[in-house]
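The letters A, B, C and D name the chains in turn, as written, and every chain counts its residues from 1.
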Amino acid sequence: MLIRYGYELTFNCPQPTLTICLLDAHRERSQELRYETPPMTIPAIPTATYIDTFGNTVRRFIAPAGDLRITCDAVIADSGLPDPVELDANEVPVEQLPNESLLFLLGSRYCETDRLADIAWGHFGSSPHGWRRVQAICDFVCDHLTFGYEHARSTRTAFEAYQERIGVCRDFAHLAVAFCRCMNIPARYANGFLGDIGVPPDPSPMDYNAWFEVFLDGRWFTFDARHNTPRIGRITVARGRDAADISLVTSFGPHILKTFRVWTDEVDAAVLQELLSRSARTRAL
Amino acid sequence: MLIRYGYELTFNCPQPTLTICLLDAHRERSQELRYETPPMTIPAIPTATYIDTFGNTVRRFIAPAGDLRITCDAVIADSGLPDPVELDANEVPVEQLPNESLLFLLGSRYCETDRLADIAWGHFGSSPHGWRRVQAICDFVCDHLTFGYEHARSTRTAFEAYQERIGVCRDFAHLAVAFCRCMNIPARYANGFLGDIGVPPDPSPMDYNAWFEVFLDGRWFTFDARHNTPRIGRITVARGRDAADISLVTSFGPHILKTFRVWTDEVDAAVLQELLSRSARTRAL
Amino acid sequence: MLIRYGYELTFNCPQPTLTICLLDAHRERSQELRYETPPMTIPAIPTATYIDTFGNTVRRFIAPAGDLRITCDAVIADSGLPDPVELDANEVPVEQLPNESLLFLLGSRYCETDRLADIAWGHFGSSPHGWRRVQAICDFVCDHLTFGYEHARSTRTAFEAYQERIGVCRDFAHLAVAFCRCMNIPARYANGFLGDIGVPPDPSPMDYNAWFEVFLDGRWFTFDARHNTPRIGRITVARGRDAADISLVTSFGPHILKTFRVWTDEVDAAVLQELLSRSARTRAL
Amino acid sequence: MLIRYGYELTFNCPQPTLTICLLDAHRERSQELRYETPPMTIPAIPTATYIDTFGNTVRRFIAPAGDLRITCDAVIADSGLPDPVELDANEVPVEQLPNESLLFLLGSRYCETDRLADIAWGHFGSSPHGWRRVQAICDFVCDHLTFGYEHARSTRTAFEAYQERIGVCRDFAHLAVAFCRCMNIPARYANGFLGDIGVPPDPSPMDYNAWFEVFLDGRWFTFDARHNTPRIGRITVARGRDAADISLVTSFGPHILKTFRVWTDEVDAAVLQELLSRSARTRAL
């Protein structure tokens, strides 16, 4: 399956401002990209990339004073299969966890494991282990929180979401991540593109999505406490301990987001062909 | 497309020996795995994993004295599309290369850029830039070296391959990597599973394959100087500066490889279903 | 100057428990160690080490059920000079900060930059820049918080410390770190050994200390909002975003700390000689 | 003890050229720096830094066409004690080596462990283990190779040095490193400043020095096969697998080194004071 995805953001800075972005498909999927516009800004400015400690590719630039539009359009090859479900996947006994997974058991900015530990053990201490325990956490979170874009608050932590019982997809992910960590299951926060492939179209404007990954049977599996059902065509952008590590856009100075548009749709080979030949014509000019 | 792949190795150590292996699909493809046996050894021994400086997951264990069999069987979801060809992909001007790519311009154990620089500039200095220059390198290497399993020699470097004009797939990759680096195009060595999907079956026993990746237009593309044609269903295992970084098996002490079997085949959903239900039955026992 | 330092901890786990520790001098000072007992536990158990994403060496082991004592005694060579004071050290303009320092501008578990930004700009927006701004932050924090061991609370964040106006050395460090980050000065949390060398002896039992480091003029400088004066003989153990990253002891299961003793004293060459020859005699047995 | 060190290099590039340098004291010694000029170039050009995979801080810039001078002057606090000698330090049994040390057992560009393994076991297989084995390697290398600046050749490998029996300090280090790795003792290559403190002055112009480090008893110790005696005041600049990883200057394009001057001397507090006050006056202008 081919999926076309991309974004167009415009923001305004009163003065030149260092900005870092995590907006593009994770470079682990480099080999599956079939088309990608070069990083494009209006006005054209130089940008650079670096790899953060989580393996994400961060784009860094000085946003000039005034409006800056940043946009990308891409096509990626995907297997078209839904998120796997492995009911029998086991928890790795904590004493056998690999060193690099231990970081994902600790507390972080939005996942206060210290404050949620007793709550987690109360709810999930008697769940079956492994996949089923993570599923129990997703079921609980999906049921406990009421979703609403009007509930977005950038400082809300997992503990606050638990108490307030409202949130957006990032709150669902944060609470589930914190619960998993309390139960000694390494969990990391992820975000990316998720279109309405194979599900009824969602009328609200498309946005980046947040979900999470847990470490079972020696590898990382995707879970989504917000939609709480396997989905087709997730395109991961970045992973971290929580949203503090992988903001879409971080400006080290004030900025106003003026426009924001995201797309993620299945396309056929003809669309890809047309994009590629259009791009060849542009380069030839 | 679903691809079943795996391996079975038996080796014999005269005494307990620290061993590290890079045999499994790269964890960047975790999300696409649909089935994977747990790491399985006969006799059963504990194994651990860690991430090396290149992002590969290394398995580490003490091989006991005597025979040790290590085996894995897995099914992965794949888009089924051939390696992309982007004739217009550009070289990133060297002064704009990201920091982490510079390592892949330096010399390494089997890629002596210092000894090959003049040769590279002689052959490719007037080639068109970007994708076409890398393709010119692949064409040259594919033509210059004669492939033959009988030519395998674990100490052969790129410079020696250039002089001896013979080699196996790792020598093709080393020489192409070294040439790319000499031309200031970051290049890294990769190995993995590559079956005969979409090509006439190769009668020789299946083995791991070596290929390489180059950094163009801000991302890594796959090239294969040995087959020198886009292929379907590559499953990358590891990446490094050259083969010294990512041996399939490294024993810190003597060992003898007794059997070695690799498979990589397209399968249909029924096979996957059968593997999953068989595994569920085993766990239930 | 020679400094002898070490620790003795005893803790009790009801069952075998994965434990990770950050207790020893940072390996960046390997070359200055003149004596160090091997990692010693009673009962003797195997331990392993790994490097975390911040460059700290973490010791990992399975604490057995029952009491475990872990102890180390070491002598390190030190220049004997107090923490440097460079009043003219400048802030690196944010757009020139190196990539790896940006992590230390973001929020973290105990340093809620999002909640403290306006407060920070209110207090320090008109301070002189660079070293003097960091000093102004230390002066404020040192004055604003009342120190007291009875105020220790492991869940207290910088924002809470700011509101409650009490804390221990880690709260002083967290609040100063958060303020620095709000002012776009990279800041990281550090802990280690700090004896009473060159200052009147402190009658309270010796403990690990927390301080912090800021990035000025292209390198990291030590500040200490708790003592707020240059000190001699700091021996750094670990660095991280905040205390969540570098707990002295993290047990993935319940444990009780039963005894805890730390020492850090200047010694002369005769003491070192005696320790070395005692150790040689022990090995010879 | 205070040590003043620094360098002045001039090189000439026919055209603007990406250049990376490893010239300054390792940032692990940040806290001991008492004075350091900012990175200074003539003409003044922007430079940036990044951390490589070995933890070294690399300076990166575009050298303009024509001459570029790059210079630094610094004062560092040092304990003044010679390299430690711990005759009883043990080898860590290979199966207990930490993951991150295993890289330093593998072959690398200038250390062909595969070609030197039998030679190493022939010479050192019956040496006592641990410190004494590494000392035996140093004694052998120091005796086997004849030092001479006229013998410098940038492509010489450890195996070639072994055969040619000549070299400069980097060849001494490469051969000793390769031998240690063959004996399953992790070894890494280091370079830095080493003045004539405590030894008779060497009349030849001062240069950077190469030495190496081995992993014994769980930490890294310094050895120097060229001087083969403990020295005072080493200031490490960088560490890597071998010289290919940590060239002082790497230009991705042709360049000519026109002048090269290095200094490393003990100074007293008055000199430091004078440097600091001169620098304050300069900033005040």
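Basically, contacts are C-beta pairs under 8 Å (C-beta built on N, C-alpha and C of every residue); 3 or more make two chains touch, one makes a residue touch a chain.
Which protein is which chain? UniProt says A, B, C, D = Transglutaminase family protein.
Note that the structure is a prediction, hence the values are computed from the model and not measured.
Listed by label, the chains that touch subunit A and also subunit C number zero.
Comparing the residue numbers each copy contributes, subunit B and subunit D share more than half of them at their mutual interface. The most distant chain from subunit D is A, comparing centres defined as mean Cα coordinates. In terms of their C-alpha centroids, the spacing between subunit C and subunit D amounts to 29 Å.
Rounded to whole angstrom, the centroid-to-centroid distance between subunit B and subunit D, based on C-alpha atoms, equals 33 Å. Annotation: 43 Å between the Cα-based centres of subunit A and subunit D.
Residues of subunit A in contact with at least two other chains: 50, 99. Taken as a graph of touching chains, this assembly is arranged as a ring, one closed cycle with exactly two partners per chain.
Chain pairs recorded as touching, per the definition above, are A-B, A-C, B-D, C-D. Contact residues on subunit C toward subunit A in their complex (touch as defined above): 16-18, 20, 50, 52-53, 58, 60, 62, 94-95, 97, 99, 102-103, 105-109, 112, 114-115, 154-155, 184, 244-245, 250, 252-253. By the touch criterion stated above, subunit C contacts subunit D in their complex at residues 1, 27-34, 36, 38-39, 46, 48-51, 55, 77-81, 83-84, 88, 96, 98-100, 217-222, 234, 236, 279-280, 283.
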